[in-house]
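Dropping a structure here in structure tokens format, bear with me for questions.
A, B, C and D are the chain letters, set down in written order, and residue numbers restart from 1 in every chain.
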Amino acid sequence: MAVLVTAETRLVTQGITGREGAFHTLKNRAYGTQVVAGVTPGKGGQDVEGIPVFDTVADAVAETGANTSMVFVPPRFAADAIYEAADAGIGTIVCITEGIPAHDMLGAYTYLRPRGIRLLGPNCPGALSPGIANVGIIPAQVFAPGGIGLVSRSGTLTYQIGSEVAGLGLGNSTIVGIGGDPVVGTSFIDALELFEADPETTHIVLVGEIGGNEEEKAADYIAAHVTKPVVAYIAGFTAPPGKTMGHAGAIISGSSGTAVAKKEALEARGVRVGTNPTEVARIVAELVTA
Amino acid sequence: MDLYEHQGKELFARAGLRTVEGRVATSVEEARAAAEELAGPVVVKAQVLTGGRGKAGGVKLAATPDEVAEHAAAILGLDINGHVTRRLWVERQASIAKEYYFSITFDRGAKRPLFMLSTMGGMDIEAVAVDHPEKLARIHLDPAMGFRPFFANRLVFAAGIPKEERRAVAAIIEGCHRLFVEADAMLVEVNPLIVTPEGEVVAADAKVTIDDNALYRHPEIAAMRDTAAADPQEQMARERGVTYVKLDGAIGILGNGAGLVMSTLDVVDQVGGTPANFLDVGGGAQADEIVSALEVILSDPKVQAIFFNIFGGITRGDEVARGILDALDRLEIGVPIVVRLDGTNAEEGRAILAAAPHRHLHVEATMLDAARRVVELAGGAA
Amino acid sequence: MAVLVTAETRLVTQGITGREGAFHTLKNRAYGTQVVAGVTPGKGGQDVEGIPVFDTVADAVAETGANTSMVFVPPRFAADAIYEAADAGIGTIVCITEGIPAHDMLGAYTYLRPRGIRLLGPNCPGALSPGIANVGIIPAQVFAPGGIGLVSRSGTLTYQIGSEVAGLGLGNSTIVGIGGDPVVGTSFIDALELFEADPETTHIVLVGEIGGNEEEKAADYIAAHVTKPVVAYIAGFTAPPGKTMGHAGAIISGSSGTAVAKKEALEARGVRVGTNPTEVARIVAELVTA
Amino acid sequence: MDLYEHQGKELFARAGLRTVEGRVATSVEEARAAAEELAGPVVVKAQVLTGGRGKAGGVKLAATPDEVAEHAAAILGLDINGHVTRRLWVERQASIAKEYYFSITFDRGAKRPLFMLSTMGGMDIEAVAVDHPEKLARIHLDPAMGFRPFFANRLVFAAGIPKEERRAVAAIIEGCHRLFVEADAMLVEVNPLIVTPEGEVVAADAKVTIDDNALYRHPEIAAMRDTAAADPQEQMARERGVTYVKLDGAIGILGNGAGLVMSTLDVVDQVGGTPANFLDVGGGAQADEIVSALEVILSDPKVQAIFFNIFGGITRGDEVARGILDALDRLEIGVPIVVRLDGTNAEEGRAILAAAPHRHLHVEATMLDAARRVVELAGGAA
């Protein structure tokens, strides 16, 4: 079945006529994703190598039955693009754009969430269900189909871990890059919930990093709600200390947000934590063959 | 982007919020002139982007211009937690009857702004949060509802603000929220929010952090950036569009994506190396950016070897490879570079590098192998 | 069971220390409504004839378990009061205040609706479940308990019809005044849905008036979803023509909005329409005894 | 509150929206002066709060000040659908290449603002809606989302606005929405929205309706109310805070609540009477308001009898009864008054009336009986 991106995905790319938008849309299509449309206002009626372009997402949905959008528009217009997708009835929005103001995303998130519209990102690499469909910029060639669900805050680190796991002959149900911006549409917990419910997923890998307390919250969620084995990796044991958000930031986070604190929180709830990507892959392989 | 106290106060003043009058000074003479203009007892405050100024001797009371000059001389150049004081804020001494605390934070976890208000303001609000949690009112704002008058009311009552100050404190809450939204702030913190003996409520400090991603719509705030205060290499990196943090080791590290770079630091550390820096070239790095990034790393004389770790997604391996060859052409590179390329167009990239061998260029297939190799090339003891 | 206002209702009055707020709150309590609190900022700690007053609705809810609020604050502050009630976790908000700007209510309605918070009004007389509880300004003495659900856009006309029905010895499950403002929280259709689901309600009386097309929409809803007999009354057969909202208003409403058009729409869907309050009561009595 | 065209255009101009330049004139001399100032061909337009001005002869083109004076003389005083023209708007003739239609309506049914845009603007947009529905783009705005740039885009593409005008039309949509929200409008309608031969997009008409309940926060708009244009009795009623509409019959009707008053009109009609008016004293009517309301009704000489129909909720029967006695004391009342009191404190009210009998005062128990009685007392033929 996979999660987020499946055989049912019918993709429309917002900003399809841009350089990156066109490049990755075509790569996604080449991988097998059903790419049904693109949107660039004023370029309705054109096509990008056979993919029809529309002026509005509403038109694209009406004409092609698109149900998933990939946002590749510049950061100043990206929140507007997300709203447009939501307004047009798109159910899953994958926002690749980096550099969107946090307040813009706060508004968009607040609008989408109670309406049950799924947002992945922004500033994320997208989601890949190997052998089925790829929406975003994850280099698909390193991944094979299988039972391991992978969720990560980091883009390239996701690929690193994924390729190490693949190197041991294991495959993935879906690779989900949630992005590291202050406001992301899909959290670790959301992804864990999806993987727990997905029959194809047998094991889960969670890739976190220093800062915030999302990994700690995920640890609590795993203890309470996840029955599948979870392996984690935390980046940043030797990273320079990040800046804190005044006294208020320290009061909110409660924990120190360090890699050590996160590792301990996860291990305290029975999650095995690898110290580098290679070790993570080894632990996963061990659990799969056990 | 963190703002200095005096810049925060400038934004406060523009938003119609009462602050204490003062002047910026970058020299002893300017400090003296400021004191003379303000005519009366003042406070001389180091303007640094770190906490703990008071304890470090960065905040001094002065009764006369001579005293101001004396303190200014002592504070200018003072190192506070690694931040060298280059400017001062000379402000009127306010009479203080009570000290409150107020802040609005962009709470990433809750995905809502968090408002905190306490009548126990002043120095150590973190201790108040731990020892007297009931004295720190904390309420999240639902952005779908927006700021409503009742919200300030709730906060004011929850914090136990006395009747006669409720209206003034509520007005400050509303004004700070307007500033928080209109300036794309991630933090607006007032500590202390003082009540004068006359019952006036005044922001005696102002800590404001602005979302870097939103600076394009606030050119007047972007212009406040203090390029002089930053580390020269970090400044150079910023100008070239890469994220760079200097560390103390011998192995220069360059990667794409913060997570991968952090992981690279960890792995280098695990195999016995010491990272010289954190450098993230970001997504979709082009050849020119690769050259710039290598220049930044090489400007650190401690660097003995460079670990170039790229896993392409939006970044394409062929472009990275061309950037490396470009850099080898254009820069005097006297240290070994270990390159590990994977992901989008990585094969093309590796082919490009293989076609142009260079004595300082070493290509490895895996991250762990590359880490071991770079540590070895840096001379083991690195 | 009754609807909206039941034996479970625990009422907090916002604006309890005002003249009207105090008068009607005490009347509601005298009728048997569980009035647990009042709110007036700055008057926390006082009481109104034994009803404790709080500074905020949040405090009132925390201290008394209030689940229903009655808003009696002046129109300039009424929308804020509604938001405060919603924010404090109140599930049913009855807004009596008249004269609230329509744009204020548009915002409040849009916020409340997807969150499942029930708003009755504004500019409405409230809801009365005879023999159980009364929240609002409906003069309870003219109504008796029974099986007839009554819903009306008009305040005093509701009382008129209710008293005629009572005059024939019949009682009501609940009398619901939805208010006639441009934006009301509970529509005819919402009330019909509640009555249809309420086991105690056997018959429904719908009291409409000229303007808009809510009665026409209710007629369609009745045909599709209501199994209980419905009797209607429409006021305004001889009323002077109202002003229209430019050409746009005419395009939106489609129908003329006249009493005749509404009567015909209802009758076309099997709803009997009485020509005056007395006749409405007579038809209801006839249906009950049939 | 409906605004005149020239007032709507004033709001448009303040909101930065392009309209056609013009002047208000209330006399032939002012119209001539306006034409001279505008120096060129103009249009003379009757300012009345009703449609169909063109067909009624209320809109005339004029090339010279003399022609303007001639038309002004003809239009001033002209009765257009019962509205007497008391002022004119003299505006420059705009060159028109195309006429579009645009409006934002507060759609009560959908509880969302409805935007409509068509390239078939000009006279009869209602016919376009019926005959060419595909030519009238209609999109509701979700207030929870708020106005977003894509929304204007959708509308512009859905209406088929040509490429070269899209940006200008989108700007007008956004500006009109800002006006709609900021001025608490229930309607903003531009018909026609013209495109000049030079490709400029200009609002050639402006119909704006403001929410009466929100006028308190728009004193500058409230001040635009044209008290001279209203019926003197309706004006008197407004000043006294009651809702009054004059009709043609013989029976004055007073009640509390619009629904009950409408029902009372219907019932009086059903038993053979003719209502003289609609008068709603509103909720919580006090004694003074009762007196005022009776004064308004009695100012109509046709009134032969009065039906006083009160069902108390927030209104209290005892206060109404005191108001009636007050009015009988203070006013010269020469016609019978039939009173029917029910609801809150009705018994007290009836007791008060019973204790002070008056030859013109008749109390009935039910609405239907009271209606029959008042028709009888008005002389049967009423």
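Heads up, the rule we're going with is that contacts are C-beta pairs under 8 Å (C-beta built on N, C-alpha and C of every residue); 3 or more make two chains touch, one makes a residue touch a chain.
Everything numeric here is computed off the predicted structure, so don't read it as measured data.
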Checklist entry - Tell me, which chains sit next to both subunit C and subunit D? => result A
Checklist entry - What whole-Å value do you get for the distance between subunit B and subunit D if each is reduced to the mean of its CA atoms? => result 57
Next on the checklist: Taking the mean of the C-alpha atoms as each chain's centre, how many Å separate subunit A from subunit C?
Outcome noted: 46
Next on the checklist: Between subunit A and subunit B, what distance separates the C-alpha centroids? Give it in angstrom.
Outcome noted: 27
Next on the checklist: Going by the contact rule already set, what residues in subunit D reach two or more other chains?
Outcome noted: 142, 144
Checklist entry - Which subunit A residues sit where two or more other chains touch them? => result 111, 114
Checklist entry - Classify the inter-chain contact topology: is it line, ring, star, complete, or other? => result other
Checklist outcome for this item: Here the pairs of chains that touch are A-B, A-C, A-D, B-C, C-D
Item to check | Parts of subunit D lying in touch with subunit A, wherever the complex brings them together | outcome: 142, 144-145, 148-151, 153-154, 157-158, 163, 166
Checklist entry - Hey, which residues of subunit A end up touching subunit B in the complex? => result 20, 24, 75-76, 96, 98-104, 106-107, 109-111, 114, 125, 137-139, 142, 152-160, 163, 180, 182-183, 207, 209-210, 212-214, 217, 233, 235-240, 243, 245-253, 259, 275-278
Checklist entry - What residues on subunit A touch subunit C, complex-wise? => result 114-115
Item to check | In the complex, subunit C residues that touch subunit B | outcome: 41-42, 44, 55-59, 77, 80-81, 83-84, 86-87, 111
Checklist entry - Can you name the residues of subunit D that touch subunit C in the complex? => result 2, 51, 103-109, 111-114, 116, 125-126, 129, 136, 142-144, 181, 184, 186-187, 189, 191, 207, 209, 211, 213-214, 216-217, 245, 247, 255-260, 262-263, 265-270, 275, 278, 282-284, 310-315, 342-344, 346, 366-368
